[in-house]
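Everything below concerns the one structure shown next.
A, B, C and D are the chain letters, set down in written order, and residue numbers restart from 1 in every chain.
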Amino acid sequence: MTEQTPVLRLEGIVKTFPGVRALDDVSFSVMPGEVHALMGENGAGKSTLMKVLGGIHAPDSGQIFIGEEPVVMTSPMQAKASGVVFIHQELSLADELSVAENIFLGELPLKGFGRVDWKKLHADTDAILKTLNVGFDSTKRVGDLSIANQQMVEIGRALTVNPRAVIFDEPTASLTDAEKVVLFDVIADLQSRGVGIVYISHRMEEIFRITDRISVLRDGQYRGTLTTAETDEEEVTQLMIGRKLDLSRNESHHEMGDVALEVRGLSCGALYQDVNFSVRRGEVLGFYGLVGAGRTEIAETIFGLRTPSAGQILLDSQEVHISSPIDALRHGISLVPENRKSQGLVLGMNCRDNMTLPQVDDLTAGPFVSDGAEIAIFDQYRDKLDIRTPGWRQIVGNLSGGNQQKIVIGKWLSMRPEVLIVDEPTRGIDVGSKSEIHNLIRDLAAQGYAVIVISSEMPEVLHVSDRIVAMYSGRVMREFTSEEVTEDNLIQAISGIAAEKVA
Amino acid sequence: MNMTTRMALVCTTALLGGAAAAETMTIGITQNNVGVDSYQTTYEKAFIAAAEANPDVEAVVLDAGGDVARQIAQMEDLIQRDVDAIIIWPTNGEAVIPAVRKAHQANIPVVVTNSNIAEQGFDFVASFSGPDNITQGSRAAEIMCDRFTDMGVEGEARVVQISGQPGYTTAIERAKGFEDRLPEVCPDVTLVETQPGDWSREKSQQVMEAFLVKYDDIDGVYAGDDNMGVGALNAAKDADRDGIVFVGATNFAVGYEAMADGDYWGSIYQSPVDDAEAALQTAIDILNGEDLPFLNYFDTPKITQENMDEFEKPVF
Amino acid sequence: MATLNRKDYIKRSAIWGFIVVELAFFAIVGDVMSVSDRTFLSLDNMLLLLKQSAPIGIIALGMTIIMINGNIDLSVGATFALAAIVLLDSLTWPFMQALGDWAIPLAWGFALMTGVVLGAINGLIVWKTGVDAFIVTLASMLGFRGLVFMYNGEQPTSHLNWTLVDFAEAQFLGLHTATWFLLGVALILWLVMTKTVHGRNAYAIGNNREAAINAGIRVGPHFMLNFMLIGFLAALSAVIFYSESGSVNPNDGMLYELWAITAVVLGGTKLAGGYGSIISTLGGVIAIQLLRKGLGHIGADTQTVNLVIGLILIGVLFLDRQLNRQGKEELKI
Amino acid sequence: MAQFNKSDIGALLAKQGILIAFAVFMIGFTLANPRFIELDNVSGVIRSSAILGVMALGVTFVVIGGNLDLSVGSMMSFSTIVVLDLHDKLGPGLAIVAMFALTLALGAFIGFLVGYLKLNSLIVTLGMLSAIHGLTLTWSGGKNMDIADKSGTWFAFFGQARVMGVPVPILIFALLAVLLSLLLAKTPFGRKVYAVGGNGQAATFSGIPRARVVFMTYLLSAFCVATAGLLQASRSMGSQNTVGQGMELEVLAAVILGGASLLGGSGTVVKTVIGVLILGFIQSGLLLVGLDFYVQYIVTWIIIILAVWLDVAAKRGRLWSPIA
């Protein structure tokens, strides 16, 4: 393998943004027929590196080679033309158009008078769909496809050229296990044709299943490349976070009070069914499961954003009807939402105003919002959460992701809720802040709050929870106490294996 | 179906229709823009009332909403519905000529009302019924000149004009009548500026405000109708500028009241009821085969503070 | 093209259903209330309906493409007026008069060129400045109207040419000249939107502009081309209409943009872009003209027409939303 | 000493561009005709801008909340006609109350459709533009409305009187501007309007009743329209049915010129007032230097494009659009 020329090689890439060195001398190469994992925590520089590769950002220095040719990337199109194709995590499809039109978007085959050559288009598309082994045809409207099938269309796009390197960015985020198998077959097929694959993912299990080598970025710097067969999760993780992975259980214990929130037989159409759980004051209840397992939807229901089709929600043993977030707030329920940019923040507003938004009605002096009261709250949570911002006037959109997330958390903590639901509390947050937030969650519980933490990161769930609810496909599979939980039984529960055992 | 056979068909049906007209005649009207001002609304009501009062007449009343395209479509509709006569209040004196010709070719007599069409179309029109707007403009010039003479400022007076909606025949003709006549009767009076007030009191008030700032010395204002004249008067009152002679046209109730109050000097008395009744009568006369002058003007006399007692207060 | 699901079929045929309801209503009510002996549903009347739909219709067809792109054009009314002025004024130029009737096609050319240039100005600004098309065309609606007044003050521009009028009034196979143009434009645009790369790209851009840009579709020039197209169509509409009427007021064409948008929305095109069809817009145009004509036929007055058209527009929007609603599980945001 | 580099100047231009443009215009017109800056003219311009301005204040809330209101012109005609008609029937006091109630009802209807039913505001208000015009004509029967006894009523106060030498319309405009500016900038409601327009979903997640906030912006807009109608009616004591026709676009132009983004979430009352004054002074200035009224259209065209262009250029950090 070493004698071969890499299909794609990046050398000494440096990219700085005002005040940040996003990529610091990163080098990286992919061999033909190799699946090369690119790993790193959020904010480690993976996406910036991909943007440099796709010509969206020009590097300050460094070079990109395809085969032995040095190239300057100017646009995703040009990258594709040179044989480097991206499959994005966020789908970029046109819903109203057919599968074929989407796959050949921007390169529809022409015949005279600017007409589309439908015959060729559909023939070519069918050929691609055949290699992808999917069950829909080229005339299907993309908006009518499932998310997984849309992902397949996205992959199909990469195959309209003879790619030399294909970059997959979190491709399995929304796929079922069966669909994953199809995807891995596609990857294997590409591999066998000598295509180099860059595989960006956080999922260790997949990484160890399909990749040949693993390269790790941390804080914009290249930290080394490991051969998959010769390493293990722990080593990779250590390289990623710079220290040993803390898989410790929660060990702090404190007095627990009465049940603050109880959910009985809660269902919401096809999203989740017959969910039962309760959380006490002073307790942290973890929800663990894959994306799409129904965890977020349960939280949204409790917060009044979805109407349940059956079941009860009880606060302090009293049944309550929560039909809007306003009701939820009145009952002392707070929700830190999953997606901070679209649900958590008004990006064009300043830090303080974002943080005090839910309680702005109460922070008044006479008819006006009281500057003093607002700034007091902001200052308190800025210090508590170590939010780094030049001042409260800073527009939130200009902050880093981690600081933005802290503003959202601060917003909900400052509501001093009875029940705090946190959906993916540390997504996109640096390691230091992560443990701060974990401690904070524990602290809140110690102060007598009931906390629900929804997370896709096992260490996080293990670390903060007193009890863990494992969900799979809209159902609660099992409940663990922090004493009885093990990584194995947790993984089994959320992948549906436990269900078969139980049944 | 080619054009000739179609035409033949249309002619036959028109003849049949003509025979039926002995009992009832169907008269269609397409108005310019009902609702834009009281004159047109009062006209429409008067027209409907007059038609209802006459047992031999069935009226089809349409309104073009000020849009030429819609008016042409309405002409076509009326031709298609094979009415016995069409009365049109043109939105544009030239643009409707081909549509009028179409009616003419379909043997439907066309009466133009209120505001005439351009000369090229005269061949296709049975009669024009309405005020003589050029004469109205001239008369306004005379009213103003007489007043200046009485005041002794005819040698140096400065006048501004606020004209009607640009492009409408009535506005053009009144302005032309005024501008042509003024130097004839008062050669030393200068018309310093003309701006359109779009038949709108508010717009006119704004235009006048600008005039008042721009010119220290304004002795007279000619407005294309009283609605605009009163707007200008309001602007002058706000700015505390006295001694300006306001002359308008189409005496509205507001103008009449302002005259009674002594703020407004004169206007031209033109009743929409007369206008509507004259138009309907013209159409009926034509259908009855009577001989009419081509330009069937109804008289629109001068009205000033001096002779206003002779006139009833307008109802609009 | 994508295969349709059933909901799409319902949505696409809704406008024709509405037209049938209108026809039935006016035919029945019209017989009772109208003073005319002619029935509303006669062939001649329906042919006339098509002809009368043409001025707004041709513009609305172009507006469909602009709106599928996710843009909007508020300046079409002013473009319409300016093209009309160029058409009629150019016929009076000395060298044009020397050409006799050959001046006519030349005058048409000048007018259409005017439309294309005005459209190009809009398109270029949208492309190069990145300012939203709504604002760009709102401003140029004022600006172009200013140019209209600049051309000939506040006076109407007139030139009555009977050859021109006869052409515009002619009927071929029973259809008026304007109808032929309306149907021709509809056919061509339908082909463009369903069969050509440009048309398919228009949908892609409206659906997901980011994806289209990433896929290498040159969105800027694409926009500009479409603005030139709608400029051309606004001018074409003016050419057809003013060939027949021979005189243009500087205020002509005002509010045409609103009528065109109304027709497009009635036809089901989404304001957000990415969805819509030329044929449905044709339906929308016919539905509005039918409503106007029908209400006139049964003797309704101006205020009723305004009220009904306004409320129908809102009603259509409401129905569309109900059709697009997801189940009860929907997130309440 | 402060140092400026190119980007500072660019940022300053973008941020205060509209004020700078305003200053340039004022100086230019004054040089061309000194009368322009005289108190009479200035007060005259502000007074004739007051009606447009009052409407623009309300629309500012709607636009910041992320919606459009194209029905304000048509609604203003309605208010004017209604209050004039009722004046002689109910007396001035009751007439004003009834007119405000009816106009607010229209605003509530639009607010219900856009806020609670979540229908697209452009189309809803376009439809209402036409429907309200129909309503006005039905109310008046198409007739001009005039107050019979123009001198015997205190109704003229709002449009024609002066208090301490200042025309009442200016006072009302200024008072509303101050109040609404406080409402928008300083109160919880104002904050919610920004949040709903800036990111409606995040606002919902923050427990802000989005539908109610949008509803309230339309109610506020209707209140401003009713006030404008009152000023209009009182000023002329009589009116045509079409008095507000076309004003919706002028109002929108003023709001956009003031820098509010049509996407919502940005803009201020003060900036809108500046936008209104710019339009008013351009109109007056051009008339004073003897240019025809239509030059104003062309100038407005260019100014709006430049103002908005500068604004978006500052936000994206580059002058030309990155679209290929």
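Convention: contacts are C-beta pairs under 8 Å (C-beta built on N, C-alpha and C of every residue); 3 or more make two chains touch, one makes a residue touch a chain.
The shown structure was predicted, so the numbers you read here are calculated from the model rather than taken from an experiment.
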item: Most widely separated chain from subunit A, with each centre as the mean of CA atoms; value: B
item: Intercentroid distance (Cα basis), subunit D paired with subunit C, Å; value: 29
item: Rounded Å distance between subunit A and subunit D, as computed from the means of their C-alpha atoms; value: 44
item: Subunit B and subunit C: spacing of chain centres that average the CA atoms, whole Å; value: 32
item: Junction residues of subunit D - those touching two or more other chains; value: 137, 142, 201, 204-205, 293, 324
item: Numbers and ranges of subunit A residues touching at least 2 other chains; value: 75, 305, 324
item: Residue list for subunit B, restricted to those that touch at least two other chains; value: 34-35, 196
item: Interchain pairs in contact, sorted by label; value: A-C, A-D, B-C, B-D, C-D
item: Residues of subunit D touching subunit C in the complex; value: 113, 117-120, 122-124, 126-138, 142, 200-201, 204-205, 210, 246, 249, 252-253, 256, 262-263, 292-298, 300-302, 304-305, 308-309, 312-313, 316, 320-324
item: Footprint of subunit D on subunit C - complex, ascending; value: 125, 127-132, 134-136, 138-150, 153, 213, 218-220, 254, 258, 261-262, 265, 271, 301-314, 317-318, 321, 332-333
item: Subunit D residues within the subunit B interface of the complex; value: 35, 38, 40-41, 44, 47-48, 137, 140-144, 146, 150-151, 160, 167, 232, 235-236, 238-243, 283-284, 287-288, 293
item: Touch list for subunit C against partner subunit A, complex; value: 1-5, 8, 195-198, 200-201, 203-204, 207-208, 210-212, 214-217, 274-275, 327-333
item: Touch list for subunit B against partner subunit C, complex; value: 1, 3, 6, 26, 34-35, 58-63, 65, 68-70, 72-74, 76-77, 80-83, 91-99, 101-102, 118, 120, 163, 165-168, 172, 196
